Structures are given as structure tokens and as C-alpha cells.
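Pasting in a structure now, in C-alpha cells, and then I'll have a few things to ask.
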Amino acid sequence: MARYVVQRIGVALLVLLAVSMLSFGLLKLSGDLATSMARDTASAAYVDFLRKEYGLDQPLPIQYLRWLSRALVGDFGNSFFYGRPANQLLAERLPVTMVLGVVGLFIALIFAVPLGVVAAIRPGGILDRLASAIALLGQATPTFWLCFVMIMLFGINLGWLPVSGTSSWLNFVMPGIALAYYGAPAFLRIVRSGMIDALASDYVRTARAYGLRPPTVLFKHALRNVLVPLVSVAAVQFGFMLGGSVVIETIFALHGVGYLAWEAIAQNDYPVVQAIVLTVSAIYVLLTLAADLLNAAIDPRIRLE
Amino acid sequence: MMKRFAHFAYALALSAALGSPAFAGKSDDTIYAAFRQAPQSLDAYYSPGREGFLLSFWIYDGLIYRDSRTLEFKPLLATSWKQVDDLTLEFEIRDGVKFHDGSILTADDVVYTLNFASDPANKVFNQTSVNWIAKVEKTGPKTVRIVAKQVAPVALEQLARLPIYSAAYYKTAGREGMGKSPVGTGPYKAEVGPNSTFIFTRFDDYFQGSVKGTPKIRRFVYKTIPDVSTQIAELMTGSLDWAYYVPDDQAERLKRLPKLKVVNADTFRIAFLTMDAAGLTSPDTPLKNIKVRQAIAHAINREALAKNLMGGASRVIHSPCFPSQVGCSEDVQRYDYNVAKAKALMAEAGYPNGFEVEIFGYRSRPIADAIIGDLRAIGIKANLRWLQYPAVVQKRRENGTPMVIDDWGSSSINDVAASLAFFYGGKPDDQGRDAETIAAIDTGDGSVDLSTRKAAYLVALKKIAAGAYSLPLFTMPINYVFSSELEIPISPDEIPEFWRANWK
Amino acid sequence: MTLVLPPTAPVRRWPRLPRQSGFIFGAGVLVFFVLCALLAPVISPYSPYDQSLDGRLMRPVFMGGEWSHILGTDTLGRDYLSRLIYGTRVSLLIGFGTVAVSCLIGTTLGLLAGYYRGRVDLVVGFIINVRLSLPIILVAISVVGIVGNTLPIIILVLSGLLWDRFAVVIRALTMQIREREFVLSARAAGAGDLRIVVCEILPNVAGGLVVVATLEIAHAILLEAALSFLGLGVQPPTASWGQMIAEAKDVVFFESWLINIPGLTLLVLVLGINVLGDALRNMVAPSGRPL
């Protein structure tokens, strides 16, 4: 177990290192930082001063190491636009995206798990086909179109839900559904196939033979079998949702990191963009690491692989 | 980070327990107003763009106020002023004006603020509003003198938009503190709310006798909603009371809703197309060729754009200034919509098959698309780069923008001195860099004599049009959409004066 | 090292409508749109670029419009049907173009990892992990925002982000196939690695390749639409469906047909491709092999 844990953490760190190099590359690709920093007051002498001050005249590997050593303690430099540290902005905006991600994950799960279970009871039956159709539709619908349809229906026509802002939990319902729509098919698939396997397995058959009531069998014995893959997929999906909420945040005026990233790109504010990419990636890496370790703890077979 | 998150979760839980907040408007004496962008900071001297500019009127007061109805200057924090000599203005500072933190305004605050802002080392963003000031000094317990570096014909215009800070507060709080919890003397106190909202609460100790008048409505909330369609949805559901810059197509349709009122009003804003006539982006850009620029001028159907996409009161302009501005004249060369002529000019210039060029835009996507479509008709393949305003300007100052679909509101100043110098007077945004034009503008800006100024500006305007250094497009009236329960005067200077609003 | 499968990686086949009907529907949809794309200049009633600001926002025929513009006109008075037909070209070009490049990257990596295993597999697995930890939309908009939003760049950026599923699936298939008898006997007969990979393994993973390709085509088309929505899609006045939706969004609450037409078209195409992918999967891997 210890060996597995160390190995897994090592890989995660390497992945983060690689991602940091890519983020740094992104920042360099965005043009001359000294000119960007100088903004309107750009006199050539001032630009040169900034270039020296920030070590932008050094060779790339040295610049990278300097940048990395700062990034490690959470210093991503200043936003050109807001003139404030990028990590401050990130800290302000991340909670909104996190809440959105959690709501999205929650909605996806309460929708997909029961549907996956009933679909698995009779593979090929009506419910199963319905579930399959929903999964296919979910993958084919452009998110923003769904958002507008919801706004029109629940926001304007019925007046049930607020359209923009974060003033109450109701504000997160529509964006949450939109985000869940994007993640639910993956859960649906994994629950369904896991349940089919479990229901066909010896221990469930035994349990049934002993006369346990079907719901008990279903939820207590079979569903447990699905838990391990579900945790993995949930971790992965949550990571994807954090990075995939740009469009949704823009439409529902949720000022989270997705919207911040879009705003920063339109303002050529690449220190912020780079900080966001790196942070979202890091969260993803940590989540998958946690899921792997958790699964290894639940299921010994994994760590022996 | 975790703490912040916990705060946020707590606030959410609380709001869930209390139920959803009351919908907009009259019932909670609050105007919910939508804007596309958040101000960068609540410190008006470090908050570029329209949003920051508006702050100087909501949270702060200037020495004087330009009456939005008559465009005349009236005393505000100063009770009176006089022109001592060509370069010197003297102001009498008002007694008993309170800052939001309870302290009293003194002449020292005025001296401190204006000296701070005009010191280049402090790098306030609106350099042009302050760089004419040589020094500011106290000449009596309540008198302040402002000395200009050279003759400054629009000094009063500028002073009307320079907010006065509390010296004591600004020294301790700094930019950071002022940016988050500002202290001014203005009609509203401001604080930063969640999710890029800003809450403006009536300042109950606002000084009596202010020409702005005392605010009637208790609060207005500045909501940052980037997507126009989301703003529209919120207007339709009634959770927004006020929005501006609503595109004409939508405004036209919102008129049908009884609970909303739509007003199309002219502003000082004009749209124009800048072209890299000086070859700043590359020495061999086709735009250096005057025939190419004239071809472009003939290729764009400005009448149709103004009528169909701007709508309302929009009209085509031939000079890059708002017609009512002092010094503006339409008595210049005109380019009609004529595709055949445009094509012929392209051929004469040596580009019968057109060329490829980058075009930058930030405001109206339909207008950008239409212009690109028109250019395509004469063979010019314009690739659109859609950025936000500050990024476009930055790019232009780095000599990276062959063409920009630009607009300019002259900071709501009714004088061409607030526009021509930037785009044709040799400044970084000048894409023509024509010596004669620059000289003429300098003459106009450097004089206080009206007829000298007008004559000089006319020379410049004629030169700009003849050389097609830029293509003036049209005036940009904007649409205000607001709750029909709300009574809010529309100013010609695009400044939403919420303090003058009232419920019906 | 555990490889994290992308979330939509099929885990077990769905029991479907009779296999052929899914195939027929999916293939039919795809063929229809490919034909539209190829024949665009012939079947479009107008040029997709001709704007007429006096004839803007005309409604489609089924909403009481005129037959001269069957699907009406957009905000600049351009014929909507013509733009839709030409948009097929761009959307399919992005779908197929992206998949062509990403398939090349993913398949190469997958074959290497599955065939050589050991260290090579570790390295490829690492690269896949790095790719998965990069948020697709964020990276795509950042790079496109810097480099510019031209069609080739969009295709390259998307390819650089959508190859992982190819690599994962091909790696797993290759691992199985390399132990099969025909591969072993080819090796015994003295065939080199390259020859074995190209002649023996590649043909046997082609089925899996096609399945992943269909899913990724759909994915790429949707991503382009999202980029367009954020103002970073293909260049105007080029018509792509995403671009059309983005241009229509401002009037969405009044003229919703303007967004519903390209939205529905996009949905039908993506649905068709996905159904086709499912049907192909059922044909290729009837026993639920690790696809």
C-alpha cells in the first residue's frame, strides 16, 4: 500500500510539473509581458526597466524556475487589468465555481444513479432505452442552447427561478442543471453497467436465493459494487466541470473562475489566465489522486496491480 | 481560501433560509441596474473606462458640476471660482461638506487630491484630465488656486470630473483601501458586494444645497451582467430595473412590454473606423495607400448601418466628432456608398483582388459583422479580433492594429478638444500621424479664442477627411431600458444620474 | 499507474434498437450532411455572405415568412438556409479535420504504449494524464485567444486536446492483439516491429478507431460551437453553426427560431454521429471488449 501511495503521489507531482511548464509556455506565447505590464504609460525606458525588474531578459529555463518558485507559494504575479495579485482574484472567484461544480455534481448524481439502477434491472427494457436516449441527447445538446431554453421557460415564462447572480441558492439551479446535463451521461453509463455486472454476480444471486427483498439486494449489495468506479468518475467529472463552466458562468452572470478566464483572455491579461489553468489542473490532479487512493483503500486489488 | 469559502457557503445557506430575496424595485426602494463590466476599482483615479468614470459622480463630487440639462458649469464643492489670469483659476471651497466617514472637507483635501492626481509618478489612469495642471496651492483658509502649464481651454470640463478625496483617509487607506471601501462626498456611499455587484447606499449627510440635488431612492445595486441576452431576460422577469446600451433590435421588442420603458437618446458618442495610414503595423500595409482608404470609405454602407443596426436617432457623420461639439464641422469631403467606385479605387491602388487585413472590435458584433461583409464585397478579407476595449487600445499603442472599429464618447465633453488630439494629434492612438493635421490641432487646443480655435479645427477636419485618415461612421444614440415604475432623467452625456431618480 | 478513462468512455454497450436501425439512422444523417456540405454551392439559394440590411430578420416560412427565404434571414439580412448549408461545411471540416489530426496523435501513442509496454507505456500513460488534467475549454480559449481564431488554428488546437481517447482505446486493444496467435506467428516468421504494427495490429484496431472517431467528431463540433459562443470561433462572415447561434443569441428571447434552427441542426448531426458510433461499437465489439 505504502509503495502504491508513494508512486501515485510521485506521478501526480510529475503531471503537475508538466502542466506548469505548459502554463508557463502559454504565458510566454501571449507576447511581451513587459509591454503588457507597462500598458498606457509605455515609454521604451520603462518597458526595459520592467523587463529587467521581472527578469524577462534572462534565458527561458531561468525565467521558468523563477516563475515556478513563485507559483509554488501561490504567487502568480499581478493581473494587468485589475492591478491586483492574480491569486487574490482567484480566491474571490473560486468559491462560486466550486459551489456550481458541487451543485452540478449533485444534480447529475441524483438524476443518474436512480436512472442507471432502474435501467439495469431490465436491460433492454423501456426504462433502459429511455436512459440511453437521455444519455445520447445529453451529449448532443449544445450547452448554451439548453441554457437559453431554460431561461426562457423557468426564468421568463414561469418566473420560478432567478436568471443571474448568486444572491440565493435558487440562482444555482439552472446553471447546475446545465452543468449536470453535460456530466450525467458518464454517471448513467457507469452505474448501469456496474449494476448489470453486480446483479449477474454470484453473491447477489446468493442473496436473492436467501430470500432478501429485491430493494435490499439492489441498494445494499449491488450498488456498493458500483461505488468504486463511481467515485473515480465523480472525481474526474468534478474536475471537468470546474474547467467546463465558462459558457454557463458567462450566461448566468456567475462571476467564477470560468468567467474570469474568459474576461482575462479578452483583456489580454495572461497572468490571470495562466493562474486559472494551473489551478484548475491542479485541482483535477488532486481529485483524481484522492479518488485513486480512496479506491485503493476500499479495494485491495487496485493497489496490487 | 477555506475561510472565504466557508463565508460564501454560509451566506448562501442564510439566503436559502430567508427565501429568495425580494424581486427588484420599488418594494425595497432599490434600483437594480445592469452593466456589462465591473469597474476595476472603486478608486476613480485608477478605474479606467466608462465604469470608473461614472464612479466620480456617484461616490464623489468634483469642485464644479456640469449641469446635465444645460451643460453649464455650476458650483459644487466650490461655491464660486474666477479666472485670475490666463493660466490660473481660483476656487472658493464650500463650508460644512461631509465625507462619508464623517470628516469635513477642507481646502487641504482639494490641494492634496489634485496634486496627487496630477503628479505623473502616481500614474492615475486619466492622464489627459490632469496633465494640464502645473500646481495646486492653498491661498487662504478656503481658497485654492490651480495653475495650468499652458492655456487649457477645457480646464473646467476636466475639473467637473475630477473627484475630490479625503486626504487623511486616502493617505491611510491607500489605493487598495479606497478601491474596496471608498470615502467621498458624493450622493452615494459604495461597498463591494458578492459576485461583482456594488452596492450604493444613499448618503444621508449629503450636503444641503448641492446642485446635484439629494438622492431620493435609498439604494442602487450595480450588477455586472456580461451577456446582453441575460440582461434582457432579467429586465423581462422584472429583477432588473435599469440597463443601458441595449442593442436596438432588442430595445425595439422590449417596447412592447408594458412594465418596461425604452428611451433612445443621443450621446456624445460617435463610431469610426481607424486605419493604419501611417504604416505603424508594417511599412507595407495597403492601408498606407490613400486610394485604399478612400475605397474603404466608399465601400461601407453607413446609411444602412445607422438606420438598421443603430436605429433610433443615429445619423451618419462625415467628420470624426459629435456635431454639437464646439469646433466640429461637417463641411468636409464626403464619401458616398459606391461599391463600383470603391472597386475602381482598389484597382488603381494596385489591389484589384483585395488583400487580407486584421480588424479589431469590442462593442457591437452585428456592426463589426456588417462592416466585414461590406469590405468583403470589394475583396478585402478582414479577420476579426474580438477583444475588450482596454486590450484593443493596448494593442493599438503597441502598433498592432491595422483597423479598429472604434468609438469615442469624448468623456462627455462638448468640445472637440476632448477627441481630436487623441486620434489625430500625434498621440499613441493617432494612426495617421500627419504633420499638418497635428499642427492644426495643436493650434486649436492651445488657444482660448473661439474663432481661432474653430478655424484651426476646421483645417484639421478637412485634412482628415481628404486624406481619409479614418472613416467617421455615425453617432451612437443608446437605448435605456428601465422599469416603468421608475422615473429617471436621461442625460445627454450618458451619465446615469441615479440620484435624480424617483419611483412613480 | 491507473489510467483515468475519459468520462464518456463507453463502459458496456447499450442494448439498442435493432442494431441496423441505429446504423441506418446515424449513417443517413451523416451522409445527408456530407452531401449538403459538398453540394453547398449548388443547393444554396443564395450566397451565404450577401447581406441586405433592409431585409433583416425575416421570419422563416413556417412562421409566416416568404418562400424566397425559406428559413428567413439573419440580423444582417443574409439568407439563413444558405448560411446553414454552408455552415455544414465548416462544422464538418472542423469535426473531420480535428479527428484526422487527433486520431494520428492518439493512435501513434496508443500503438507505441500497447505494443512496447513497459517504460514506453509508462511514458505514454504519463502524457495522457497530463493531457487529461488540462481543462479543454479553458486551454482552447486561451490558445485561440492568443494565436487568433482562424480555421486551421482552431482545428489544430482542438486536435491537440482531443486525442486522449484514441490513445487509451488503441493502447488497450493493442495489448490484447499483440498476444494473439497471428501476431506471434508473424513475429516468429521474422517480421519487424514496424511491419507487425502496421500490417497486423493496425487493421485489427481500425474498428475501435472508427468508434472513437465518431464520438470525437461530435465532440469537436460542439466545442467549436462553444468557442463561437465565446466570440473565439471561426472568422465572420464565415458561417458555422456555432457562429450562427452566437450571432443569434442577442435576440434569443424574441426571435428564438434564429437560435433553434442551427441549434436543432447541430443536435441532429451530433446525435446522428453518436448513434452511428454506438451502432458501430456494437458491431465491432459485440462481446463488450474494453472499448
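Here the chain labels run A, B and C in written order, and each chain numbers its own residues starting at 1.
Basically, a residue touches a chain if its C-beta (ideal position, glycine included) is under 8 Å from a C-beta of that chain, and two chains touch if they have at least 3 such contacts.
What you are looking at is a predicted structure, and each value in this text was computed from that prediction instead of being measured.
**Student:** For which pair of chains is the number of C-beta contacts greatest?
**Tutor:** Result of the pairwise contact count: A-C comes out on top.
**Student:** By CA centroid distance, what chain is farthest from subunit A?
**Tutor:** B
**Student:** How many angstrom lie between the centres of subunit B and subunit C, each centre taken as the mean Cα position?
**Tutor:** Roughly 44 Å separates the two chain centres.
**Student:** Using mean C-alpha positions as chain centres, tell me how far subunit A is from subunit C in Å, no decimals.
**Tutor:** 22
**Student:** What is the distance, in whole Å, between the centres of subunit A and subunit B, each centre taken as the mean of its C-alpha atoms?
**Tutor:** A distance of 38 Å separates the two centres.
**Student:** Got the subunit A residues that touch at least 2 other chains?
**Tutor:** As it turns out, subunit A has residues touching two or more other chains at 148, 151-152, 156, 250, 266.
**Student:** Show the residues in subunit B shared as contacts by 2 or more other chains, in ascending order.
**Tutor:** 227, 229, 233, 236, 386
**Student:** Two or more other chains in contact with one residue: find those residues in subunit C.
**Tutor:** Within subunit C, residues 231-232, 249, 252-253 contact more than one other chain.
**Student:** Touching residues of subunit C toward subunit A in the complex: what are they?
**Tutor:** Going through subunit C, the ones touching subunit A are 1-2, 4, 6-8, 10-12, 14-17, 126, 129-130, 132-139, 141-143, 145-147, 218, 222, 225-226, 229-232, 242, 245, 249, 252-253, 256, 259-260, 263, 266-267, 270-271, 274-275, 278.
**Student:** Give the list of subunit B residues in touch with subunit C in this complex.
**Tutor:** Its residues touching subunit C are 227-229, 232-233, 236, 247, 249-250, 253, 301, 304-305, 307-309, 365-366, 368-370, 372-374, 376, 383-386.
**Student:** Name, in rising order, each residue of subunit A that touches subunit B in their complex.
**Tutor:** That would be residues 35-36, 39-42, 81-83, 91-92, 94-96, 98-99, 148, 151-152, 155-156, 159, 162-170, 250-255, 259, 263, 266-269 of subunit A.
**Student:** Please output the residues of subunit C touching subunit B within their complex, sorted ascending.
**Tutor:** 49, 51, 53-54, 56-57, 75-76, 78, 148-150, 231-232, 235-237, 247, 249-254
**Student:** Help me check something: in the complex, which residues belonging to subunit B touch subunit A?
**Tutor:** 1, 4-5, 8-9, 12-13, 15-16, 19-21, 38, 40-41, 46, 123, 125, 127, 194-197, 223-227, 229-230, 233-234, 236-237, 239, 386-388, 390-391, 393-395, 397-398, 428
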